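Structure incoming, see below.
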Amino acid sequence: MTTAVPLSWYLILSAILFGLGVAGFVFRRNIITVFMSIELMLNAVNLSFVAFSYQLRQTDGHIYTFFVMVVAAAEAAVGLAIILTVFKNRATLEIDEVSDLKN
Amino acid sequence: MPESYVELYFPVFLQVLIAMAVAGGMIGGSYLLGRKVKNRIKDTPYECGITPTGSARGRFSVKFYLVAMLFILFDIEAVFLYPWAVVYRELKLFAFVEMFIFIVLILCGFFYIWKKGALDWSQQERPPEER
Amino acid sequence: MSQYYTATDHFVLVPAIMLALFGCAILLFDFWVFPEPKQRKWLLAFLALGEAFAGYGLWQQHTYIAGQGIAELTAFQGSLVVDGFSLFFNWMFIAAASIVALMSYRYLEVEGEHHGEYYSLILLAQCGMYFLASGADLITLFVGLELMALCFYIMVGFLRSDKRSNEAAMKYLLLGGFSSGFLAYGFSLLYGLSGSTKLSEIGVAIARRDPADPVLLLAMVTTTVGLLFKISAVPFHMWAPDAYEGAPTTVTAYLSVGSKAASIAFLLRIFLGPLASARAAWEPLLVFAAIASLTVGNLAAISQHNIKRLLAYSSISHAGYMLLGLVAGNETGIKGVAVYVLVYTFTNLGVFLVIVALRREGLVGDNIDDLAGLMHKSPGYALLMLICLLSLAGIPPTAGFIGKYYIFLSLIQAGRYVLAAAAALYVAVAIYYYFRIVRSMFMSDAEDAGAMETTFGVRVAAALTGLGTLGIGIFPEPFLRFAGQSLIR
Amino acid sequence: MQHLWLIPTLPLAGFLVNGLAGRRASKTFVNAVAIGSVFLAFLWTVKTLFALAPLETPHIERYFTWIASGDLRIGFDFAVDRLSAVMLMVVTGVGLLIHIYAAGYMAHEGGYYRFFAFLNLFMFFMLVLVLAANYLLLFVGWEGVGLCSYLLIGFYFLRKSAADAGKKAFIVNRIGDFGFSLAVFLIFVAFGTLDFGQVFAKAASLPVEHTAGLLTAVCLLLMLGAAGKSAQVPLYVWLPDAMEGPTPVSALIHAATMVTAGVYMVARSATLFTRAPLALDVVALIGLFTAVLAASIGLVQNDIKKVFAYSTVSQLGYMFLGLGAGAFSAGIFHLVTHAFFKALLFLGAGSVIHALSGEQDLRQMGGLRSKIPVTFWTMLCAAVAIAGVPPFSGFYSKDEILLAAHHHAPWMYWVGVITAGMTAFYVFRAMFMAFFGSYRGRAHAHESPLVMTAPLMALAALSLAGGKIDVPRILEPVFPRGEAHHSPALVAISVGAGFAGIALAWLLYVVRPALAGALAERTGFLYRLLYGKYFLDEIYDALVVRPIERVSRVLLWRGMDVGLIDGAVNGAGNRAQGIGGVLRKLQSGYIRSYAVWVLAGAVLMLVTVALAGGGR
């Protein structure tokens, strides 16, 4: 009986999203975009949690997703604040220009 | 009973197809049928009839970001209200107390940003040390 | 109290409640009750009070567990657990946070970024560490980790007008988020594999599975990546030198001991808990990371001129030693990791304290040359630094020796002679760069005659770290017994 | 309870007082604290030893447990037996004399209090080393004296050569210490204890065939440690450079006490070594080879301290020869007499240098006999002692060693005799060049003050008469004496070699000074080889030091990122702008480069695990 999309499809989508997030982090240059890539990764995690949770008929995964969302929001707030100070001090959002600390 | 996912999702696929066809048709139709007049006024952004001022690429005040960030934070906390509401009847007083504590903690944060002046639009000239 | 929040739950949660409560209180009192800059010392007093209450709660847990003779006390349906392990680490966090707070006051004044939030962040980060040490559930652990990490992101960038501090914070934030993405992904797969977020149930489910299950391997690797990032093991270490260098020195100190200790606790919980049955799969990974950390950490430290950067590389190498204890995997090894972390906490705090004490108007104090002639300027601090560096290098009778001793011993007991020899070899390398600092302190003339301005708090912190480093080295017995109680299961 | 702990604690107190308060205190105060603490330690040593006499069995004091796990116990235990008693007397006695001397020698130097603080700290660690009742505590002292040596060699830190010498001593000693720590671990694993008494008892109780391999490994590693600390081949290169330190340091640390720690440690572990004949042979060979090598280098050096430094290396080689030949008491005997005469030679050299306001080059001296007579006569006492002229101290101890060597393997005796001749030659060469002929320098020579000459005289007396202290008999409870091998002929030969050396030096540097230069010309290659110290420093530098530095500097924090990634990218060329532009950014300092490392690590781990998992 096939009543729903199989779990593996969700997981593959989640993996693809995660991969896109990682690729975005590595390839994009704008700090904000890089930051958003992290959110994408976390959303991939959310998707996988929700899929599992649905499959297992449990709520734990949903709850975890809530927490991930909240954590992501908090991280976004802190992150944007930090990125703003970087922007204030350097007037750039080009990620590779923020590389004074090295070696 | 549909036997495969293709069958199961065929209506969805069909709907997407129709939606795209309709949208494409309308845009394409107007492109083909309509008269093409090009002038400056036509190129200006349409802002509900009000004449647009300034550049669209102008910088926003930091305040926007600040408020946006704060909005995300307080907005997302509401997510916890959903599971709470689902089990509220079961947990009774305990749920109330729990949520009360939760809200108090959030208010604590709210009070903090309020006192720090993050919500004051007018006081632009506050020195950065005060934030 | 109700069935959803029992007395036991409360009992287990008290220290965390105290930390969070006082953290919030400081946040509010900063502008509400004590708005004057001069009144900030009251915030410090509040922090001390918070630590005292948390310590009292911890003490009660301690006596209860010892009195009842039970191994652990679980709460919230098994989401939180109080056992010797969590108690050991939490005591350490209290010590670390208190010492860091003591040394911060004057430092922040000099930096001109003295805000009440700082003390609040110290407490809240410690609250996150509490959940890392006593969490037994993926959700609790993840939230604890993020709470700690978020506080550290802010603290690293606390010097808002300093470009380097911003940059360090941004790098730490982005890479930290990147790695916690991996970690969370691993967690989601672990959850999917086992159908539970409780570590114990995950462990049972994993033990039943085929160890070569690709999803299990993927879950394990992504989790490992996240965990190794947090303890700054190679090749996930690259954030550490930058973040350490750019952060305010007091924050670097806290980061290097608090964050690292909590992450090690987290790592032990995961690897000795749910992943214990997959040891054959993860052990080679940890061996690789440990050896790579020792190599990169020690060799890169040789050519550094900035002490904070040097210590960052040294902390990478110490992470390697800690991993080796886990690799050995026997009782001695785990006890060794616990002792190592304890020793490292006191010792590293001592080193950073001297750097913090050096800071004053016009002197950053983080270049090796800034320590020149410290022996003349302030022999007491020079002596403290000497003791701490000897300890970092692992020379008896300082505490560092005890830590390394147990790691080596465990490796030998486990028959890992090659690893033991490699680790011993890197001790020899490490002594070299630590002694560069010693040489600078003892064998150069002071470039400026300015005396060190220290406060009572800094002196107390100096005494604590010095006594800790020497005391554990000379009278290790009580600490060893303490660490022995911390074994998981 | 004899409160042995007081002996090292007194100098430690001196260190703390001088280190923390010495900067503001007067010189008199610093002197009083530094010398007073060592003097008290000396007195307490004497008192304790009298109280403990005759000390047939070791006296052990257990203070508290240091590390205990399971049935293992490592304690803060001090022990004295006759071996450590001899060492204690040497360390505190000679140490005291050198402290007194240093008060005069360092009077005009900057960092006065610092110098004495370090010197006291050194005394503390050295006494811990000697008193330790287990290997771990010995290791504490071992590392501690290394630290102090490092700090004191670099005392004149403004001189780059001094800083470099400190660094070199440090690096070389690391190799030795690595061996030593491995040995300690091996002992621990094998015997489950580190306590001297228990280790030796267990080693003695086990059948030889069971433990031979293990003990050989342990002893070879111990010897590696000893070679580092006691400047033996191949780790001797640091000691000559260590003479950059102030002269009292050279005398105390790099002649009389610290460098003999290796000898003491091997003698202490005699029970292990006698059960590992192979290791014992290695000890003898290393000792002999070092003795010849260093003596030959010493023949042509022109820096007075360098001459004595190579002499020290050579004499330490002698001691190891004695140990390796199984004559442990002879080795310790030579250690004692060597402490007297070599300390005296260094202090005398210091007095000469002091008199000439810092001149160290023998070629700039000459004819000083009449200008600084006390220094001359006292140094002469040391010279005759080291040359093995009977009946002075060196004669007795060297003879014991040579006879034992002959008993062990006759060819070793003959090499030893040649070395004895060289020893006599280079010491008297230095004496003649400095004190005879006409003065070649410019500085105004003046005799040193009494505070410096008094220790010289005391040491001179000891150098002359020290041979009468029958150390081997004192050590009989520790090292039972085998059958005595007396052989007047062999003694005569070695004494003859000594006299021949002296005579040759007299000929070349007093009677026909021109001959020496001609000889150097004639044997050009050999001379350059010796003068260049066989170019071993350069070889070590090229083979060991520079590669390590390069690995660290180039490969790691530049090479890994710039070299690997940037190189790869540039190699691909700039045409591939799209990919190259991305990859070029993966340099250090760039967050995305770091992320790539994280990712690469993750992928690598995944591949490893997948391969391993698939293989199962």
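Labels A, B, C and D are assigned to the chains in the order they are written; within every chain, residues are numbered from 1.
The criterion applied here is as follows: a contact is a pair of C-beta atoms (placed from the backbone, for glycine too) under 8 Å apart; a residue touches a chain by one contact, two chains touch by 3 or more.
The model shown is predicted, which means the values in this text are computed figures rather than measured ones.
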item	value
By number of C-beta contact pairs, the top two chains	C-D
Nearest-to-centre chain - CA centroid comparison	C
Chain centre separation in whole Å, for subunit C relative to subunit A (CA means)	26
Between subunit D and subunit A, distance of the C-alpha-averaged centres to the nearest whole Å	61
Distance between the centres, which are taken as Cα means, of subunit D and subunit B, whole angstrom	76
Rounded Å distance, subunit B centre to subunit C centre (Cα mean)	39
In subunit D, residues with contacts to at least two other chains	557, 588-589, 591, 595
Multi-chain contact sites of subunit C, meaning residues that touch two or more partners	160, 170-171, 174, 178, 182, 242
Residues of subunit B touching at least two other chains	none
Chain contact topology (line, ring, star, complete or other)	other
Chains grouped in pairs wherever the two touch, ordered by label	A-B, A-C, A-D, B-C, C-D
Touching residues on subunit D, where the partner in the complex is subunit A	557-558, 582, 585, 587-592, 595-596, 599
Subunit C - residues contacting subunit A, complex	138-139, 142-143, 146, 150, 153-154, 157, 160-164, 166-171, 173-174, 177-178, 181-182, 184-185, 187-189, 191-192, 195-197, 241-242, 245-246
Touching residues on subunit A, where the partner in the complex is subunit C	11, 14, 18, 21-22, 25, 31, 34-35, 38, 41-42, 44-45, 48-49, 51-53, 55-56, 58, 60-61, 63-64, 67-68, 71, 74-75, 78-79, 81-83, 85-86, 89-90, 98-102
Residue numbers on subunit C that touch subunit D, as the complex places them	170-171, 174-175, 178-179, 182, 211-212, 214, 217-218, 220-222, 224-225, 228-229, 235-236, 238-239, 242, 281-282, 284-285, 288, 296, 299-300, 302-303, 332, 375-376, 379-380, 383, 390, 395-397, 402, 405, 408-409, 412, 420-421, 424-425, 427-429, 431-432, 435, 438-439, 442-445, 474-477, 480
List of subunit A residues in touch with subunit B within their complex	1-2, 5-6, 59, 62-63, 66, 69-70, 73-74, 76-77, 80-81, 84
